[in-house]
Amino acid sequence: MCNNPKVAILMGSDSDLEIMKDAAKVLEEFGIGYEITIASAHRTTERLLEFAKGADKRGIEVIIAGAGGAAHAPGMAAAVTPLPVIGVPILAKSTAGLDSLLSIVQMPSGIPVATVAINGAANAGILAAEILGVKYPEIKEKILAYKQSLKEKVEKKAQALEQMGWAKYLAQKAAK
Amino acid sequence: MCNNPKVAILMGSDSDLEIMKDAAKVLEEFGIGYEITIASAHRTTERLLEFAKGADKRGIEVIIAGAGGAAHAPGMAAAVTPLPVIGVPILAKSTAGLDSLLSIVQMPSGIPVATVAINGAANAGILAAEILGVKYPEIKEKILAYKQSLKEKVEKKAQALEQMGWAKYLAQKAAK
Amino acid sequence: MCNNPKVAILMGSDSDLEIMKDAAKVLEEFGIGYEITIASAHRTTERLLEFAKGADKRGIEVIIAGAGGAAHAPGMAAAVTPLPVIGVPILAKSTAGLDSLLSIVQMPSGIPVATVAINGAANAGILAAEILGVKYPEIKEKILAYKQSLKEKVEKKAQALEQMGWAKYLAQKAAK
Amino acid sequence: MCNNPKVAILMGSDSDLEIMKDAAKVLEEFGIGYEITIASAHRTTERLLEFAKGADKRGIEVIIAGAGGAAHAPGMAAAVTPLPVIGVPILAKSTAGLDSLLSIVQMPSGIPVATVAINGAANAGILAAEILGVKYPEIKEKILAYKQSLKEKVEKKAQALEQMGWAKYLAQKAAK
Amino acid sequence: MCNNPKVAILMGSDSDLEIMKDAAKVLEEFGIGYEITIASAHRTTERLLEFAKGADKRGIEVIIAGAGGAAHAPGMAAAVTPLPVIGVPILAKSTAGLDSLLSIVQMPSGIPVATVAINGAANAGILAAEILGVKYPEIKEKILAYKQSLKEKVEKKAQALEQMGWAKYLAQKAAK
Amino acid sequence: MCNNPKVAILMGSDSDLEIMKDAAKVLEEFGIGYEITIASAHRTTERLLEFAKGADKRGIEVIIAGAGGAAHAPGMAAAVTPLPVIGVPILAKSTAGLDSLLSIVQMPSGIPVATVAINGAANAGILAAEILGVKYPEIKEKILAYKQSLKEKVEKKAQALEQMGWAKYLAQKAAK
Amino acid sequence: MCNNPKVAILMGSDSDLEIMKDAAKVLEEFGIGYEITIASAHRTTERLLEFAKGADKRGIEVIIAGAGGAAHAPGMAAAVTPLPVIGVPILAKSTAGLDSLLSIVQMPSGIPVATVAINGAANAGILAAEILGVKYPEIKEKILAYKQSLKEKVEKKAQALEQMGWAKYLAQKAAK
Amino acid sequence: MCNNPKVAILMGSDSDLEIMKDAAKVLEEFGIGYEITIASAHRTTERLLEFAKGADKRGIEVIIAGAGGAAHAPGMAAAVTPLPVIGVPILAKSTAGLDSLLSIVQMPSGIPVATVAINGAANAGILAAEILGVKYPEIKEKILAYKQSLKEKVEKKAQALEQMGWAKYLAQKAAK
């Protein structure tokens, strides 16, 4: 799968991997090749910039960057690439996630970061797929199928809840 | 330019147009055709959903949606299309913009919205161009040129400030 | 009880059921029939809209909708029904519940959602009863009795605390 | 119109009237009789409680209460009536409206307040109409008509924007 | 001690007692008589108001009221008494305590509540003692002694830390 | 009036005087003597501490301290006096007043500050009077009279609004 | 003065200059040479990094960086220099300044930014002087004199207020 | 090492030591002598002020002060010393750390505190070292080496992740 990666996933620290792996899993599900690495805006500035700057040339088409606190990696990657950059704010202990979110989303005019929900790495993977779907019809098809499967899962659960009532449903869920 | 629109810009209310026009202006600058309309998630639900659902078939490749307060238009558009949807939180009088921002960015797993800064409609336009740049090399070239021009503008101002000092610079700016 | 339901309870995900069941329990206590189902604004948009749009015709008189994060289900239900819609913001991990609350309460002019406290599903049930009490005197009577019982419970606890003092009261409570 | 009022509008201070009048205007539009008065939870506690407690007996069916800051009037009214109480948080100078909103919406279990958006008095009027619509079919009809008119206004604006483009539309709007 | 109580401690719910007992403990330490009870602004409105209104006549000189969420008990007590009322915001699960704090502190002009820190019931007890110390010199003496003891405790710990260094100090603390 | 001052009003900067004068005006209304001065915790630390430390000896019985931003004056005054200290958070340009409020109210165990609303200097004056009313029956009488007058003012306005309706009331208010 | 600059002042945009000039003014007052320029983390990444990286070699001893929104310039400068970096969060229209503040202050372990108040550019200048004062005794002397002058200004105002009373003081201030 | 301390670390309470020890550890790593003690702004005001005021004379060159809630120790230390003061906001149970952060960072003009991240004591140690590095070239060298080691650690982890993929990397990490 990693021959010919189209997406680069980077994160500021390996402590973000527990969250960021969700982006990788989604891309695997969609059969989209990806690179994954650690590149801190603050500890390995040059590494981050070279990684992001070279992405376009390497054939990468979308960058996903996750970071927490004063989260600069997504914005700095966006600064040096013409590719779309998706930012994932990582929840830390204080400020209830507002630090990561605001550090990523409030970018100045000229350099956008496509921000997803706090800890929303799975959605970053899906958004990357949607962006690639603009170019690759087969990926767009997979997104349509994925949305259909989401719908069916909800409908199945809805049916179960409607039939069982809430008490039995919760009991059954707890039993699993 | 509006023959063959690639981007659809929609907003919840015409009071958002003063902000949302910045997305249109950027797309015009990049020579990217766009549709622009009003479609409220709450007042014209069907219109919004049909507009968003049909976008892919009409040849639209990216949707930009702006909304304020309990801002549902971007998320609802995202729910019914496989296209990437960019959300622009519009600043209103209360909560300092947190209502629009959180209503747009905190999407559940499965349905991302690519959120930009509060009132960041220009960046929504640029992000749309970056997404299209994945498919259209000539747009990617324009983004590179645009980023270069941003850089040059800052450098020119920097040079002026360095030469004049702050007092003269501010005086000259005020005189304009 | 579910013959002739007057209230529809819907939630965006079955993970909300642990909270939303409190609305069902209150309605059961008041002897008010209800429907309960899952309908995500984002994953099952049409299902949600049809469910909400058809509620009035099915004889439903009040809708209760719970959702978390960028919580759109209550607002979208409200958009397509003339019935009063009660929104329950569900607390998630980040932003201390502000995301759900603001996404539900800050509705634009024209389409209100009657918002209750974060995780306040029991109160959603009571509010539904109060609304039905406008039409059905026997429900209004039950609300009066319910409020009386609340009062008596507090008074009994107050009496116990006054007699025992805080240390003994806490010890007895811990022993239970 | 004020013979046979069905809604009571109360506010904590006459400085809230500039906002709260929007509720009255909506009710007038819907032809629903209302009382309107000032009753501060803190300055005229008894007045507020008697007003709210007696509302049911007077034939009032819904109470709308607006207040700012540590906004207690809606909650205190709710404490002494079996009627549904709608709360309108009024925006003040500090905390960006969070004080009024949280003081009204975060009610304890047992005593809900149906909270609308900050400064959302018009929506309070509409919500009152929706609640009355459960009992009075002619009011429900008016809500359906009102929602239809909202939809048509948006569609008309949308058509104008689509035809004129944003620049001309904004110019024309500014000219009005 | 409870012959001749000077302070009334009230709380909205017995779930607040775990925090509010700290006020009682401080008053016991200072040898100040107190009443303690439960009186919810919303569930037992009359009880609360009578309790607060009658406090002055019963010889109570300061009221301490704790409440969480849309915390109205302190403000409602303040509305019906000429006595100083101290408010204790109780931390709940959502909004990180801002709901209780803002509901208590943001009182309108005319009816102050002397607000202490979130969960700061011990400080409420001390503030009550300081207020009583204005009238009773022996209580003021006790406050001076109490502050002296606080100082000595800190100084003793400081000395220990300076002598041991942080590693040994933490080890010793963990061992206790 | 300033012979025999019972209250000391201090503020961190003369830019706070526009707000803090409201405390002085209330005390004048109640006929309570006061001192008023400027003493910054940060710019004139010793002055502040001496002023606060000496207050008790000078016959001062309550201290009111107003400050904005990282508002330390109330807490530092409280640290060095056995008198009750009332804190007034002053609204500044950023953080919507949360900085001043939290800096004043979140005092550690042992050293309370009786915090009033953001910019609530009038309430600080009233709270000071209530505290003095514990000792001086004639001040308690004035508070009762003051609360009565508040009530009457609201009732008069309420009557006017009820008679005129909102449109005429607002017109008449605007005409004043 | 700009021969031999010890401090580099940089800002993300020339719109920050109105605030950032206060840092320059303080340094001028202290007779400390400085460079001042514009270097956006996002628009001129390389320029910013080279400027910050080369600062140490050029003889710069402290860097002051101001930025607004997703404010990355201070953190990115800190990433590439061993010099202390002072960050000035610039207030923008939304989020009440929390975006800039959190983006600057919440730096990850290893790369601190010495953050001052929102819009606190003057304090950034003073902090730079304090840092230089560690090395240069004559600058430490100037800080002591500056703090003395602050104290005297407050004392003079305090004396005026004490003598005139608040009404006359405010009138005189308004007359200036 | 504690002969000839250059840095003074102080904290408001020994409960802050678990966090503040990180500053001490960093200084030990850099071979920088330090004092460490407890000095509460509120409980031991004089002790704090004397400690801070005397620091310069004792040869201390940088002060680090940690505090939580209404965190006044850093600001009060800064008020009485010409030395640079670094503030560490300590996370407490409520307000998600905003109370400590805003109480420390929002200092008034004239008296800066160099604020680091919430619970960022390690960064306070590094910032102290950077400040000392302005004067002592050998400390600046150590900072350069420290930043190099940070970089290498990240690079090593990055390499491991790139080689193993996320699943194996996480498994290996969990196994440690």
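First chain written, first letter: the chains are A, B, C, D, E, F, G and H, and each begins at residue 1.
The criterion applied here is as follows: contacts are C-beta pairs under 8 Å (C-beta built on N, C-alpha and C of every residue); 3 or more make two chains touch, one makes a residue touch a chain.
Source: prediction; values computed, not measured.
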Same-residue or different-residue interface between subunit B and subunit D, half as cut-off: different
Interface copy of C-D among A-C, A-B or B-D, judged by whether over half of the contact pairs recur: A-B
Chain located farthest away, centre of subunit F as origin (C-alpha): A
Subunit D-subunit E separation of Cα centroids, rounded to whole Å: 36
Rounded Å distance, subunit C centre to subunit H centre (Cα mean): 47
Centroid distance [mean C-alpha coordinates] between subunit H and subunit E, Å: 33
Touching two or more other chains - residues of subunit D: 13, 40, 43, 69-70, 94-96, 98, 101, 105-108, 110-111, 113, 117-118, 147, 150
Listing of all chain pairs that touch each other, if any do: A-B, A-C, A-G, A-H, B-C, B-D, B-G, C-D, C-E, D-E, D-F, E-F, E-H, F-G, F-H, G-H
In the complex, subunit A residues that touch subunit G: 12-13, 40-43, 45, 49, 68-72, 75-76, 78-80, 92, 94-95, 98-99, 102-108, 110-111, 113
Residue ranges of subunit G touching subunit B (in the complex, touch as defined): 13-14, 17-18, 20-21, 24, 35-40, 43-44, 47, 69-70, 93-96, 98
Of all residues in subunit C, those that touch subunit E in their complex: 91, 96-98, 101, 117-119, 147, 150-151, 153-155, 157-158, 161-162, 165-167, 169-170, 173
Interface residues, subunit G side, partner subunit H - complex: 56, 61-62, 82-84, 86, 101, 105-118, 120, 122-124, 126-127, 130-135, 140, 143-144, 146-147, 150
